[in-house]
Amino acid sequence: MTNRNQFVTELENLKLELIQMGDLVIANLNDGFSSFFTLDLKLAEQTIKNDKIVNATEQKIEKTCLRIIMKEQPVASDLRLITAVLKMITDLERIGDHAADISKMLIFMEKTKQIYPISSFEPMAETCNMMIKNALQSFVNEDLVKANFVIQTDDIVDDLFEKIKRTVSEAIRKGEIDADYAIYAMMVAKYLERIADHAVNISEWVIYSVTGEHVNTPDL
Amino acid sequence: MLGISMISLVGVLILVLIFGFVFSKGAAVISWDFLWGDYHETVYDTYYDEGLDDTVFSRPEDLDDTIWFSSVWGVGFTDSVDEAGNAIILIVYVHQNSPLSSLLDKNEEGNFIAISNGQIVNKVIFGDNIILYGSDGAKRAAFLFDQATIIKDMITVTSGGGIRGSIITTFLLVIMTLALAVPFGVFTAVYMHEFAPKKSKIVKLLRRLIEMLSGMPSIIFGLMGAAVFIPFTSAITSADGGNLFSGALTMTAIVLPLIIAATEEALSVVPDDFRQASLALGANKTQTTFKVVLRSSIPGILTGTLLAVGRIIGESAALIYAIGTAIKDKIILTERSTSLAVHIWSVMSQEVPNFEMASAISIIILLVVLILSLLVKLIAKKFVIDPSLR
Amino acid sequence: MLNVFEIKSLNLYYHEKQALKNIDMIIHKHEVTAFIGPSGCGKSTLLRSFNRMNDLIDGCRMEGNIYYVGNDIYAKDFNVIDLRAIIGMVFQKANPFPMSIFDNVAYGPRCQGVKDKKILNNIVRQALEDSALYDEVKDRLREPAICLSGGQQQRLCIARAIAMSPEVLLMDEPTSALDPIATAKIEDLIAKLKEKYTIVIVTHNMQQAARISDKTAFFLLGELIEYNETEALFTHPKNPKTEDYITGRFG
């Protein structure tokens, strides 16, 4: 028998809201990648629009957290949970922004009427997708193993980023690639790399929520 | 509802009747002489043969027309009536330089007696054997005195019927009893309540005893007084028979349970918080008990003391045995005397019971008791502020 | 850091009922230590054993040791009166004596034999100032203490304890009967007082413990469950029982 049933319910609802925001961000991210790989301009436009919803969701959850702090004066694991949620929604919101940014880049790239296939984009996008999914799952299940796994996976994304950089600079030296296109491509690669970093941050906050320790992996 | 109010009306009526009876009989008797005069009449037998100088005493301004003044002797007389209705000559004024303020005692060589205000002239034989009788009236008295230079024999009487002796006795009794009962009673209660081990059998026994004692009829205490305290005090003082000491000891025994109970009650009402706070400050048990607990109990102890005073004043049976019933004017601690209540008994047991005096004394006692109970109420109001109620 | 209290294997019984089980802990100097726990957990009992106020309770029996700066306070012939003069106590319900404000504060020193009027005046003034009460009462020191409000009375009780220049202040739920403003005043006072004294406070208000204490000890059914820096205990407690209690899930 527990006390503070209202409080317990509030916390459960908060977790749900976070997951819903996560799902929203993932959906938007997938749309972003999809539009990128299928050159779907309409989808790209849609993705940019949807980011507004993500921002609104972040504000809503932020308000909920503040209200809980005022009302319930949480301590211990409750306090850590609320703190972690406040931080995680920031990272999720940034991921959402980057998804929109990638769509913007597609629109610019399309205008250059150039196609230079870079093979690493797809694995990179998939890895990011997986990292975010895992981070959120580790939150749901309080799974420290999964959270740590996400942190490790960041290395793969960093490697892929290096690869793309080498490919593009090689193509520039050889004169095989349009200058604007090259820049836009690098920016997309950077956005993907940042998305992975945010996924890492989310996992770090999951670890904090469970253990009380905040491990800070420096962003390379 | 009607029945109840009828019954209570009858009760009130009875009380009113008692008061009415006492007041009607006694009110007339009360006067300053009554309160402060001797009970017993004193007869003075005096003479004066030293001759007079030429001093002429002037009649004081404030003497009214009913007073006959002798300027030769500086004395004023008035007509009055005694208890039996006979005409008497009452001395109402004697000048401080009057020869009458220092006459020689016929009964005792070398003793001087002062003729003073309030004395009655019974008979005077002047130098040329002219006699003034008590029934001759004030005018004649002043006339004869003006003509005389020698007094061969002057017989004056102080009117009696005063209760001064009994008032003083009652007062002394109260003081002496409280002096014994209060310290003993308070300290006993303090020991029983604060210092004795919680489950002490002795304390339980003591409490039972005190309960029993407070229920005992006071006449039994009187018997104890007669059987124990009178011989005891006779042995250790110069007393011979009943005396104020034996009376005080007897009253102490009666009043002790009262004071112990009142003190214990007052102590038990003191919140335990105070004791805890005091001990936590590093005070020892004695300091805590006296500086805090006892100090807080003073109103309750005072109330108990006042109740005890009321008891002492009202006690008759015990004192009849423990002191005696002889009404005195000069009070000596090692001799018999009467308290006010016993005085009532005494005058009522005469051949002719003196209802008027008894009623008058009753009024005095009622007044004193009234004042005491008002005092108790005042103390209760002013001092009993229970801090735990805040 | 000097150990003010060392409690070793303390077991305490009221007749047959065991109130404290195997307590081991150390209280440090110039710290505020909070004892928290549900009703009946033994926190007040432990507090009262520091100044041997449990001696006053019938049938109270103890095993183990309590050392005050190295001295076994339950040793035979140990001077309890002196102990209580060095260790002050403030109770849950303010209990000023039915005397004037001045006499209340001067009570302790007077019991110790201080008679000089000048010295007493100084002691009383200093104690009232240190309890943040002087300005409010300086014109009515001779008035009865009863006339003060609840919060003021409690600060008077603190002044009364401080007048003895103790080393330690034991406070048993000192603000539980007070309104929020009076409570806040006393909490501020405690923050100041810890510069001079070592303070141990029993409280059933966890937010209060979190606000004012340096270390917190959590008790449950007579046992010491967890004892740690307050920040650590309230952000991530080590024992799940502690977590259950402070998050209010305890049932």
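Things worth noting here:
By written order: A, B and C. Residues from 1 in each chain.
Going forward, a residue touches a chain if its C-beta (ideal position, glycine included) is under 8 Å from a C-beta of that chain, and two chains touch if they have at least 3 such contacts.
Only a predicted model underlies this, so the values are computations on that prediction, with no experimental measurement involved.
Considering every other chain in turn, none proves to be in contact with both chain B and chain C.
Among the chains, the centre nearest to the mean of all shown protein C-alpha atoms is found for C.
Pairwise, the chains sharing the most contacting C-beta pairs are B-C. The geometric centre of chain B is 58 Å away from that of chain C, both derived from CA atoms. Chain A and chain C, compared by their mean Cα positions, are separated by 52 Å. Averaging C-alpha coordinates per chain places the centre of chain A 106 Å away from that of chain B.
For chain B, no residue reaches two or more other chains under the stated contact definition. By the touch criterion stated above, chain C contacts chain B in their complex at residues 51, 53, 56, 58, 81-86, 88-89, 91, 93, 95-99, 107-108, 110-112, 146, 150, 157, 160-161, 164.
Listing the residues of chain A that touch chain C in their complex gives 1-4, 7-8, 73-80, 211-212.
Residue ranges on chain C touching chain A, taken from their complex, read 206-207, 210, 234-237, 242-243, 246-251.
Residues of chain B that touch chain C in their complex: 198, 271, 273-274, 276-284, 287, 291-292, 295-296, 385, 387, 390.
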